[in-house]
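Given below, in the form of structure tokens, are the structures.
Two complexes, one shared chain (subunit A), two partners (subunit B, subunit C).
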Partner chain A sequence: MAKVIVYPPTSMILSDLVERMGHKALVVPEAVRKLATEKGIDSPPLNVTPEEPKKGLRYAAVDVPSGVRGRMALIGPLIEEAEAAIIVQDPGCLTGCAGCSRTNELVRLLIRTKGVPILDLSYPTNDAEARDFVQKIRAFLEGLK
Partner chain B sequence: MIRIAQLSCGSEYSGIQKEIERAAETVGAKIVYPEVTLDDILSVEKTFGVSVASGDLNLAMARAVRIVENPDLADAVVVMTCFRCAEAAIIRSEIRKFIHEHSKIPVLSYSFTERTTAETLLTRMEALVTTVKYRGLLAREKQTGLTAGIDSGSTTTKSVVMRDNKVIGTGWVPTTEVMKSAEDAFQEALKMAGVKKEEVSAVGVTGYGRFLVGKHIDAKLIQEEITVNSKGAVFLADTQKGPATVIDIGGMDNKAISVQDGIPGGFTMGGICAGASGRFLELTAKRLGVDITELGKLALKGDYKNVAMNSYCIVFGTQSLVNSLSMGKKPEDVAMAACHSVAEQVYEQQLQEVEVKEPVIMVGGTSLIEGLPKAMEQLLQVKVTVPPYAQYIGAVGAALLVSGLLEG
Partner chain C sequence: MLVTKYVITSTESNILPSDIAMKIYGSKYDVLVKETCFGVIVNGEEDVVNALVKEIRSLDPAGIFIKDRGFPPGDPRRCRGRRGGGARPGFYMIESESKMLPMISRALASEGEETETIPEKKKPLSIKRLDEIIKEG
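Let's turn to the complex of A and B:
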């Protein structure tokens, strides 16, 4: 079993595909769940605590907007943990969205510079492409075993 | 309960969402999020005019469209995005303009950091709520009876006594101990007016020390300075009908308020660095060895172009000041450069966030430093009006508004 980070990091479709193939998907909802249960934050449905933007300084400098750093406090540790990655280009907000384009750019950069195996895919626009999309993900994940 | 619609990007991930909600609660409002459909977001380019790469900004724009189409959804709007995000800064400004142009809902625009607290937002939220809650009172154009106003500011405390729409007494003292300064300024105004404290029907209080002073003297009106100052400004400048822009460069922070028929429509309140405040001019006067009241006249004789001055930070601004003097620059040029630098910062950082419509009225003690309104005129390329009693604007606004409360 490998730890696989997906991009967009909130994608439930990609997360599901990774889990079905017996790997661990590293996704934001998981990070939020961990924060809410293990750290016992008392403010659901809020996803972060006021400390998160400071923790995000590990991934982005202080002159980077606080919203980017707060998001990175959740996504950054997932990237650190990742042993493989699936990146879907131009996914559209329906596939999963961090809400902030600067965060998306930084996440892609950090994944690509980490040096783990990466599967790059375009978002499918028709049925045939969708089948091919799933097949490629399956083949990539099987190769990780 | 006043409903403030929040259109924002990044507030939750900056860890300040609770602070926003706490500030709203403190002023008797609640934050609401207008619901939109997925189609509203996907078609935002068509309805709003643009879509951007960041999903949360598209959501904020879709919500703005929804509010404009259904104004009953909210009483006021707050547009908030992360400080230092260029994409968000453009959209924040466009959302503000969009709502301003297509509805009568008051809008507050603010860029936050993770250090933004409920206290930072309180005055702004209070002003937003006041413009909704007390619209009738704010529409008031005349002062009646015998009332007084106290403006407990960060640098000076001002007081006026008004009778039947005229200022009959004024008091102005530096703020030291908040209560004592308020008492001294009030006594000064009473003395000049020739009336006794007991004769005054009601007192209105504004400024930083408003809660403390207001409680102490049992004020009938305790109100933030944004609504009070804009009321005082249009009253004294005799521009209560139609649009106006009020600029108040204070000792600690600055306000730019867009006013329509005497009621604030949009405003910004800034104060990131003292280099853009009256404090820098105070420091300049001290360094030049002139009294602050003489700085403006000196500046009028100078040309800012002869001195390289940038007061984006009060420390570096002071360094520019010292350097220019040691290079033999004329004091009048240095004085004007300091005025220009302060005006330029307000122009660049705050006036871009409100609709600047004529007449432009400058108020507060700094407006009496003649070089400052002149510098603002040069930057805006419009005539800037400094009304009589400009330094007492908050106290006048408070005395005027409190007289309205007496009539129920």
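Let's turn to the complex of A and C:
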């Protein structure tokens, strides 16, 4: 079982297909859960403390907006853990923790420079493309075993 | 550790969110369930939720999708009832991907069957071949 990071990191389709095919999908909600449900919350309501942007300093310089560094505090450790990646180009709709374009550029760059196997795809627009999409993901994930 | 997962049904699936909720109510699992318009939210211990979603997926393997969620169901930090209305921030992503679910479901269901591949675009006639055709005439 390989740990596969998906981009967009909040994608339902990609994380479902990865889990369905017997691998572990690395997704942002897992990182959010650790913060949001931790007992003894330090910084209500979201428990994002000044430590989070500091963690983000590992991935982005100090003059980069704190929003980018805060997001990288969640996504950066996932990239470090990743053994493979599936990236969807131009996903169209990105909101919440995946809704920052500068963070997304940095995330894609860090994934590509990490040197793990990467599958680049586009979201399907018809049935033939959807079959191709699923087959490519299956072939890629089977190659990781 | 308590985890929360979305169970989302494709719009073409014969399984309704209420069917899933009823199955969970009638199951042996000790979980919290919230029914929504697109599926259900399940909250419980990790092992229990994982076993449960596996059972739910077996109702319609190609039409039911599972997604992780960070916040527990009804959490006042995310629940729109406490935030003065409007969709939860993550809903837009689910809404956007939900439109693709019927296609993905059909693709998953047709796996293993002989299916048509995307035809490659026809290349223009080469000059050499055109020359041959003219000479043949």
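FYI, the second predicted complex is superposed on the first by the 127 of 145 C-alpha atoms of A that agree within 3 Å, B and C clash if a C-alpha of one lies under 4 Å from a C-alpha of the other, contacts with A are read in each partner's own complex, and residues count from 1 in each chain.
One rule holds for everything that comes next: a residue touches a chain if its C-beta (ideal position, glycine included) is under 8 Å from a C-beta of that chain, and two chains touch if they have at least 3 such contacts.
Keep in mind that this is a model prediction, so the values were computed, not measured.
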- Touch check for A:Ala139: first (subunit B), second (subunit C), both, or neither? neither
- Query: If you stack the two complexes on chain A, which partner ends up touching A:Asn126: first (subunit B), second (subunit C), both, or neither?
  - Reply: second
- Message: Just checking: does A:Thr10 make contact with subunit B only, subunit C only, both, or neither of them? Give me first, second, both or neither.
- Response: second
- Query: So, A:Pro29: does it touch subunit B (first), subunit C (second), both, or neither?
  - Reply: second
- Message: Taking the superposition on A as described, I'd like to know which of subunit B and subunit C A:Asp63 touches: first, second, both or neither.
- Response: first
- Message: Looking at A:Glu51, would you say it contacts subunit B, subunit C, both, or neither? Reply first, second, both or neither.
- Response: first
- Item | Of subunit B and subunit C, the chain that contacts the larger number of subunit A residues | C
- Item | Contacts of A:Thr95 with subunit B and subunit C, given as first, second, both or neither | second
- Message: Under the stated touch criterion, which partner chain does A:Met1 make contact with: subunit B (first), subunit C (second), both, or neither?
- Response: neither
- Query: Can you list the residues of subunit A that touch subunit B in one structure and subunit C in the other?
  - Reply: 46, 93-94, 98
- Item | Residue numbers on subunit A that touch subunit B, as the complex places them | 43, 46-54, 63-71, 93-94, 97-102, 104
- Item | Contact set on subunit A toward subunit C in their complex | 8, 10-13, 15-17, 19, 25, 27-33, 35-37, 45-46, 92-96, 98, 123-124, 126-135, 138
- In the complex, go through subunit B and note every residue touching subunit A. 9-18, 38, 41, 52-56, 58-59, 81-85, 87-88, 112-114
- Item | Interface residues, subunit C side, partner subunit A - complex | 2-4, 6, 8, 65-72, 75-77, 89-90, 92-97, 100-101, 103-104, 106-108, 110-111, 115-118
